[in-house]
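Some structures to go through are shown next.
Below, chain A partners chain B and then partners chain C, in two separate complexes.
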Partner chain A sequence: MNWVFYATTLGTVFFINLILILSVNLQLGLLGLPNLSFIICLGAGAYVVSIFSLGPAVPGSLQQYFFGAFLPFPIPLILAALVGVAVAFIVGALVLYRMRGHTLAVITLIIVLVVWSVINGTPNFLGGANGLFGIPQPFHSLAGTTLGYGFVFLGYVAVLGCLCFVFNQRFFKSPLGRAARALRENEQAAVALGKDAYRIRLIAVMCGGAMAALSGALLAQYSMIWTPSPWSLDEVFPAIGAMIVGGRGNNWGAALGTFFVSIVIGQGIQWIPFVSSDPGLGSAVQWIGEGVIFIGFLWFRPRGLLPERKARWDHSPRRVGAFGEADGSRPGEGVRPLERSGLVSDSAVSA
Partner chain B sequence: MTTSDTVLSCENVTLAFGGLRAVDDASLSIQRGTITGLIGPNGAGKSTMVNILSGQLRPQSGRVTFDTADVTGFQAHRIAQRGLIRTFQLSSEFARMTVLENLMVAPRQTGERFWSAVFYRRGWRDQEYELLARAENLLREFGLFSLADEYAGNLSGGQRRLLELARALMAEPRMLLLDEPLAGVAPGRTGQVIDHIVQINQGRSVTVLIVEHSMEVIEQLCSTVLVMIQGQVIAEGSMQQLRENPRVLEAYIS
Partner chain C sequence: MQLFLQVTGFGLVDASILALAAVGFTLQWGVGKFINLAYVYLMMLSAFLDYTLTQTLHLEFWLSAALSIGAVGLVSMGMNHYLVLPLARRGVRFFDLLIAGFGVGIVVEFGLQAIYGENFFQIKVAGTRPLKILGMHLTPSQLVIIGIAVLVMVMLHVLLTKTDIGRAIRAISVNPTLAQSCGVRVDFVLNLLWLMSGVLCGLSGLVLAFDTSLFNSGTSAVELPFILAIAMVGGIGSAYGAMGAALLIGLVSNWVDIVNPQYGIVVAVFAGGLVLLLRPEGLFRSPMASLAGSV
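On to the complex of A and B.
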């Protein structure tokens, strides 16, 4: 019984983190954009989902926020994602046109610090440092007991996590993803082939913003509390680290990295005997452990556990050609590749 | 001297970096279907000129016209989309992408639109196969077919140059700007690259502007040669004519 509860908790944490790390993978992994402001989108998503489901603020009560509404379930979540896109658009439009690489990282880092400090220090705006609490959870009518609800919530985040995964996979494998990778490899050359660097970067940052916001919204709903600490700068680097461990530019790697960092390290620490007896030690050991592992990966295996794969085309006629070459005949002689592979008739049937 | 058969021209273009006028009131025009050479001593402003023509740099004054349209100050990707494709002095392959993928990047395609890319794959799937077929034919033509699945970063200098040419052709250019296309090619292999440039010009009727240091190569390839010195185009003609031009001689000797 306890083990089942534990497992559902871990599963929920996994999927919530996965969505965030997919967002990082889309920006830093695919495009090489060190945009740290994704954490603002995460915070924005959580605040939006909170104030649109908590109802209007009660004057004189403990928590104060500037607006408040009570909207039925999917609407706060959708609004959270949209606000994430909007925040990413504002930040992206400001910084992406001129900045690259380290400059971009530093500027977005500063933006994170400024936004975080303002919200943390303004008690009446979004709860300030006290945060918001009592954030309602969706689908409560489906399950009576706490355990039952754990399953429901796990199912809910799993569905959204898988949707984000499929979204990223499709993005990466499309011509748009290919152009994005070309920009990462050599911006000047990609632009000289007619690729609009600004547009492609902005699209990736906005999609990443939506996913980060979704992850934040789910985290707020799950913990029912939202304060500035889960979207502070401390949370930026584990997310990037998880992507590096897993393999930049590979979504399966992102999933593996999420599992490794948020489950194996995060939970494994608790099982070390001297840590479990001293609660204060846990986070310190976790930081040290994560730091050592991230540096170790950057040093010895910079492409991660599952490196980015070479592009493949499923029905590639190339293989026919390759065999042709092997037995001495010249490949593709007089035959158009589409006809050789049967692609022409395939697409005619499916269309 | 702009005629109806001029494909690319610029008039009185100036660009200064601080006090240095890298391109100083320069004008040139390039006839459709030719291979034109651009030569000049180091620091004459050839690369700056290429960067202005292809939109990497914006001139401070003057006009650039491509295919009868004024493209002055256009962003580089918009000029490329109009069919003026350039290559770089340093080879610029996408290193961690396969050779075939390098080619597949080049064309402008439906699947680069966000909604189509992610939510309507059927909209670009057929185009993808057409492009694959074209890319593979180009790889055969350039002798890179057996390397299709190799990372571009693993190719030799000469192979990278060929890949860059093939990739540029994949974008279906109307004109190519080749900035030292033989840099980094082993001496014995330059002939192969030169043959491909001739083939691109004659077989595909693509106009070519080529910046190159080797006079032999220029003489072999180009019907018309432009000479740049100190930011200005001072002479135009065949190599034969230029050899007898006192201004050119003076500049190259001094």
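On to the complex of A and C.
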């Protein structure tokens, strides 16, 4: 009984983290876009789902927020995703047009710090540093016991997590996803072929924002409280690290990295004898483990556990070639296309 | 008015600490092309080393301060030599280096927490009775901090402009390839630069620990936004810009703190963002400010 409940908890945490890391994978993995503002979308999604399911703030009570409503279940979640898209659109429209690499990372870092500090420091706006609590959980009528509800919630996040996974897979394989990958590999070539770099980046960032917001909304519903600390700057880099461990640009890698970082490290620490007896030491050792693992992966296996597959080209001889040759041979066969020459992988983020 | 003057005094102390920290940080960013997220955590390393040396081993004040600052310098140089340069040679790109720096940072922060626990510590310094100067109540130790900052800035100016090593650093900042082909040993100079910025980092961490009465392993993490903002307002890689920006941001954020103590950080960081958007070379144009931010 106890073990089963533990397993449902771990599964829920896994799927919630998976959605966030899929969002990171879409932006940083597929497009090579070091956009750190996904964490604001996560916070926004959580706050939206909270205030739209908590009802109006009671005057004089401990938690104060500027607006509240009482909407039935799926609407707050949908609103959260939409607000995530809107936040991502605002940030993206502001910075994506002229920022790359270093500057994009730093400017989004700054946006995160500004938004976080304002919300943290304004008590009546969204609860301030106290946060919001008592956030209602959906589907409570389906299960009576705590264990039963654990299974219900696990199913709920698993369905959403799998939907996000399928969405990401389809996105990666779609023409838009292929254009995005081309943009990462060689921006000038992609632009010369008529791809609108700004539009592709903005779409990817908005989809990523929706997923991050969904992840935040689920996290708020799961933990029933929402404070500024789960979406602070400290949470940005572990998410990116999980993607690096798993393998950037590969959704199965993202899933594996999520499993590895949030479950294996987080829970494996508890089995070390001298750590398990001291709760304060446990979290410290967990952070140290994450740091060591990020550095180790960058050193020994920078492409992650499951590296991104290279684009494959159809060489079947019966097809009419892309350039009109009946036998399918390319003009200048032997000159390897840019995507296969190996010099193209992470160059979009180069310093 | 009295409050304003007093806050100005605190702003000057803050500016001194921030200037010490930010100059090393901005040089690493501009010259080494590396945003060192571990920097703020290494600051606390020197404070804890000093705490151990003075409280447990009962060494003399100045000796233990020098030892702990030097140790942080060596750690910083080792980080460059054994981690950052090899990773860069393996083709790990900018953003992944950021993650590597963050990894080192959390290992340092939580390593300290695992060793010392989450309690707060205090290093006792002499000279805590406030003196009244120009309407500001400042303790002698705070005055010493301001003095140290000014002294170090002057020494840094001499180092950067009058010595060969300073000229080499400036050359690498402008164009590393050209500098190498002119006979500058880039890796060696970068190691020296990291040693220097590590010393600045250790000094600022120690001074921060003296100034805040209580510290633990996470105390200096709140300085990261300020240091980033100073580096951007001053122009990435510009030591003089960082000095000016530290004064500006230290004073302004303390004044804003009168209104709401949470908003000082917002104003500082917002200023950094605006400068990066509108004037990426920084407020103070200087020959050392390389456009490291624009790829």
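Quick note on the criterion: the second predicted complex is superposed on the first by the 310 of 351 C-alpha atoms of A that agree within 3 Å, B and C clash if a C-alpha of one lies under 4 Å from a C-alpha of the other, contacts with A are read in each partner's own complex, and residues count from 1 in each chain.
The working rule: contacts are C-beta pairs under 8 Å (C-beta built on N, C-alpha and C of every residue); 3 or more make two chains touch, one makes a residue touch a chain.
None of these values were measured; they are calculated from a predicted model.
In the superposed model, A:Gln270 lies in contact with neither chain B nor chain C.
When the shared chain is aligned, chain C comes close enough to touch A:Val285, but chain B does not. Of the two partner chains placed around the shared chain by superposition, neither chain B nor chain C is touched by A:Ser229.
Judged by the touch definition given at the top, the superposed model places A:Asn124 against neither chain B nor chain C. The residues of chain A shared by its contacts with chain B and with chain C are 347, 351.
Across the complex, chain A is touched by residues 33, 35, 37, 83, 86-87, 90-100, 102-107, 109-111, 113-114, 117-118, 224-225, 228-229, 232, 260-263, 265-266, 269-270, 272-273, 276-277, 280, 292-295 of chain C.
Residue ranges on chain B touching chain A, taken from their complex, read 54, 56, 75-78, 80-81, 85-88, 92-98, 100-102, 104-106, 108-114, 117-119, 121, 124-126, 128-130, 132-133, 136-137, 140, 145-146, 148-149, 151, 167-168, 171. If you check the complex, the residues on chain A that touch chain C are 28, 34, 100-103, 105-107, 109-111, 113-114, 117-118, 120-122, 233, 237, 240-241, 244, 280-281, 283-285, 287-288, 290-292, 294-295, 298-299, 302, 346-347, 349-351.
Those residues of chain A that touch chain B in the shared complex are 167, 170-171, 174-179, 181-182, 185-186, 188-197, 200, 203, 308, 310-311, 313, 315-318, 321-322, 325, 331-332, 336-338, 343, 347, 351.
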